[in-house]
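Have a look at these structures, which come just after this line.
After this come two complexes, each holding chain A, first together with chain B and then together with chain C.
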Partner chain A sequence: MRAIITILAVAALASVPLWLRDPYLLNALITTGIFVIGAMSLNLLLGFTGQLSLGHIAFFGIGAYVSALTSLGFDIGLPGGFRLVHAPWPPIAGFVLAILIAGLCGYFVGLLSFRVRGAYFVIVTISFAEVVRLVALNWVELTQGPLALTNIPSIALPLPGIGELTLRTKMQNYYLVLVVALIAYLLIARLVHSHFGRSMRGLMENETLAVSVGIDVTRTLTIAAVISAAIAGAAGSLYAHYIRIIDPEVFAFINTVTMVIMVISGGKGSLTGPVVGGLIFGLLPVALRPVMAPEAQWIAYGGVLIAILFVLPRGIVPSLAQRFTRRRSGATALAPVALAETAAKEPA
Partner chain B sequence: MSEFLQHLVNMLVLGGTYALLGIGLTLIFGIMNVVNFTHGVLYTFGAYIMFIVVQQLGLNFFLALPVAVLAGWLLGAAIELTLLRPLRGSDIDTTMLVMIGAWIAMQSGALWIWGGVAKSVATPFPEAPLVLGPVSVSWLRLFVLAAAAMLILVTYLLINKTSLGRAMRATFQDHDTASLMGVNVDMIYTSTFAIGSSLAAAAGALLGPVYVIFPQMGDLAAVKAFAIVILGGLGNITGAVIGGFILALAEELGAGYVSSGYRDAMGFLIIIAVLIFRPTGLFARAERVG
Partner chain C sequence: MTARSIAMTIDQVAVRFGGLVAISDMSFTVGEGEIVSLIGPNGAGKTTAFNVMTGFLTPSAGRVTYRNTALAGLKPHEIADLGLIRTFQRTSVFPNDTVYDNLLIGLHRQGRVRLIDAILGFPGARASERGLRQRASELLEWVGLERRAHDAAGSLSYGEQRLVGVALALAAEPSMLLLDEPVSGMNASETHRFVELIRSIRDRGITILLVEHDMPMVMTVSDRIVVLNYGRIIAEGTPDVIRNDPAVIEAYLGHGAGRA
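This part shows the complex of A and B:
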């Protein structure tokens, strides 16, 4: 049953460019897809380890900048009169480097910020993202600062024996994003259902207890942070090569908030939650555009976030899953532990 | 040397308003355990109240400050009653996200009402600065410092010398026991949020005329307030005042001797450094309200 639903959902998503010809809508779907990947990676931290990282956009932005600079090349002065010159590499190398360097940054940020918890963790992560934004804004020699990096090449896939396929059209980019999203989804799903995933959820539910049964909390959190940052870096790279221009605004706090809204509304700690929430909130601006001024849209955005937290605090997918399970089993109420189980094991 | 003295003078002026911002946030954070992301919007709101009273209604500049304080108090109380009171007992992440939602909605509201073009406020002070030997300071900035100092003093007295303040301190220490002793904890929460908000609005009303007023001005102010709270320790008013001046000094020196582009990075770097090396704040032993 679950496998059939999954296959149908993937088939439906894969068929979209075949019948949807509107380039504006297709563009909205591609950028939404990129943000859904970011939201899925955030969910790994927020939903499965319980750490609310509000600096997640830093890894997305680092991925975007690393990938763009790798494929554009740069020439910067170093202290002592040396110069660091990098000739342009193929964008696919940028994509790989973006994943590696974002993951590395995730390691260092995790190492430092997991020393604190709760509100302090949130504020440290925000601070990291803002420092990175200010560096991108002020290190003009490398990043062009507010003038933005332009003419970023599209991703080209090397095809053995045939040559290269440069992904220029929206349809090609749609499939690229869909494939990366599926890989990210499967990776996270596999991780969550592994022994490591149980450690993560264990320490989310009761950190003291997790420590007492021998879970290495810092190690578990840091590994989760590295994987989460690497996936966000991949999403950032896709973004840079699709939009083909990036400026320090990519690090704006509101972009993190967008990902958080996608995760919370869909259901944190649910694998499909960020996908459902991401599609709703990624496409909401498209639906609102004809009827609302941009400022009013953002008011609605904030209002919807509040409304979701009041009405569906656990998110759309877990709430629906719970209703479904309850109807099938005929039970009237579920114990809190069972609820958590349902949330973790919701139908994919 | 005279350059350094000038930085010190600027630090004093800036530090006063930063301290106001920090006190407001540290009260809310300390007593209610709410990470108040609307703090920056309240700052923006205070600045726009200044703009409305002085530029649009044509009323006296000195009247605008109490109006901004009162308006901030009312808006803060409204936020607490509608958004936070129903979520009493929720975890800190939920209230934090609700506050983020309120912040986005209110900031976009300001953009919708007043537009994105920066506004300035005419002041009754002379253009020529006061020159004292090697340093100079504008009369407006001196007024800002004096008004901030007065508001800090009033808040200090309110917390330490009134029965409301005693109830607030009791709630900070242990809200269950305070409740058992007859303290109306709900009322204390609403008052705390309203007082904190009115201080943020006052800071905005004071700094608005010094700089320019625009809808996103509160974002950086909020971050600076967080830096100050972390620096000074949770719920520590004296710590917030000292933290305000330390942040102002770090910014002045950073802008003067490193690069003006990194002025605003100072707050974030302080947050990261303090939380990594001394997570309870610089004045941890005195971590209490008062």
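This part shows the complex of A and C:
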């Protein structure tokens, strides 16, 4: 049953470019897909460890800049009169480096903040994102500052024996994003269902008890932060090579908020939650564009979020799943069994 | 008892919270395979002693040694890795998970496979996972919670939650188990079954240190009893000795009764 739904959902998503010819809508779907990957990575921390990263866009932006700079090359002066010159590499190398370096940043942020956690982690991540934004804005020699990095090459897939395939069209990029999103989804699903995922859940539910059975808090949370940051970095790289121009505005706080909204509305701690929430809030601007000015749209997002959480307080996916199972088992054997159990316990 | 080798040594441990002395100069030992109870009136320092032994609290003075390893400076999860596992008075379960999943979390120490193997679903990781599930079922059967396996742990009765707590601790493969008031909230027949469980745990070679208020239960199950009052050890010995110790009677029943 579950497998059939999954296959149908993937098939439906894969079929979209075959019947959707409107480039504007396809573009919206691609950027939404990229943000869904970001939201999934945020959910790994927020939903499965309970740690709120309010600077999550930093890892996304670092991925974007690393990938762009790797494929564009740079020439910067270092203290002592040295110069660091990097010749352009293929974008696919940038993609890999984006994952590695974003993950490394996740490691340091985790190491710094997980000894204290909670509010401290929120503050450290906000500050981290702001510091990275200021660096991107002011290190003009490397990042062009507000002038933005332009002409970022599209991703080219090396095809052994044939050459390479440069992904220029929207359709190609759509499939690229879809494949990366599926890999990220599978990775997170495997992780969550492994013994490592159980350690994360244990820590979130009852840290003292988790520690007492031998779970290492700092290590578990740091690994989660590394993987989360690495996936966000991959999303950032996709973004850079698709949009082909990035400026420090990518680090804006509002982008983190968008990801948080996607996770919360879809349902944190649910694997499909960020996908559902991401699709809703990614495509809402498209639906609202004919009727509302962009400024007014933010108010509408707030309204939609409040409406969702009012009706489905745990987020769309967990709340609906709960209703579904309750309805299925509600009328059947549950009530008599519960009665029989209490009856059996009384004389004891 | 004299031939037993010593598992844990508590050597001149003191704990002060500011001016308040929670424990002063506490020394005793627990032998391998022994069931020792730590008793005393409310506020005598029993739970504080537990917290010191499991690394949740650093003593102001003195040292705790377990199987020749000094516990000073070790984090709670590192102490758990030595095989010293505790249960808690209040927060004894992961409330939102099923009882079965609770045990799988508790089996953490047995389930350490390389993360990359788990993600890629390598045979080693899968076999380890099967082993864990098998072990979780065995543990459920041992403590008698099979029927509750798929209920959320938070929905269980208080007494049953205590049992889940003990099963969780057993899942961590202890060589010594510290039980903090395990039968509080249990009715008489549940307590009776729990005593049987404690004995069966000991029969598997696990040393047990028990903090408990239920005197009949303590008297039945313990090999030796250590009595604390106001952070001090006032008596130590077998249940028979403790039952007739004037200092103990006085601590529990008051001065007049002690003489009576």
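Some points to look at:
Quick note on the criterion: the second predicted complex is superposed on the first by the 324 of 348 C-alpha atoms of A that agree within 3 Å, B and C clash if a C-alpha of one lies under 4 Å from a C-alpha of the other, contacts with A are read in each partner's own complex, and residues count from 1 in each chain.
What we mean here is this: a residue touches a chain if its C-beta (ideal position, glycine included) is under 8 Å from a C-beta of that chain, and two chains touch if they have at least 3 such contacts.
Keep in mind it's a predicted model, so treat the numbers as computed, not measured.
With the C-alpha superposition on chain A as described, chain C and chain B fit side by side in the combined arrangement.
Contacts of A:175 after superposition on the shared chain: neither chain B nor chain C is touched.
In the superposed model, A:89 lies in contact with neither chain B nor chain C.
By the touch criterion stated above, A:52 is placed in contact with chain B alone, chain C being left untouched. After superposition on the shared chain, chain A has more residues touched by B, the comparison being chain B against chain C. Within the superposed three-chain model, A:299 lies in touch with chain B and out of touch with chain C [touch as defined at top]. When the two structures are aligned on the shared chain, A:198 is found in touch with chain C, with no touch to chain B. When both complexes are overlaid on chain A, the residue A:119 reaches chain B alone and has no touch with chain C. In the superposed model, A:208 lies in contact with chain C only, and not with chain B. Legend: residue contacts after superposition of the two complexes on their common chain; A:216 is shown touching chain C, with no touch to chain B.
Once both structures are overlaid on their shared chain A, chain B and chain C have a minimum Cα-Cα separation of 14 Å.
Interface residues of chain A facing chain B in the complex, by the touch rule stated above, are 52, 112-113, 115-116, 118-120, 122-124, 126-128, 130-131, 134-135, 137-138, 253-254, 257, 260, 264, 293, 295-306, 309-310, 313. Of all the residues in chain A, the ones that touch chain C in their complex are 187, 190-191, 194-196, 198-199, 201-202, 205-206, 208-217, 223, 345, 348. On the chain C side of its complex with chain A, the touching residues are 54, 56, 75-77, 80-81, 85-88, 91-97, 101, 104-109, 111-113, 115, 118-121, 125, 128-129, 132, 157, 165, 168-169, 171-172, 187, 189-190.
Those residues of chain B that touch chain A in the complex are listed here as 29, 33, 35, 83, 86-87, 90, 92-94, 96-98, 100-109, 111-112, 219, 223, 226, 230, 259, 261-262, 264-265, 267-269, 271-272, 275-276, 279.
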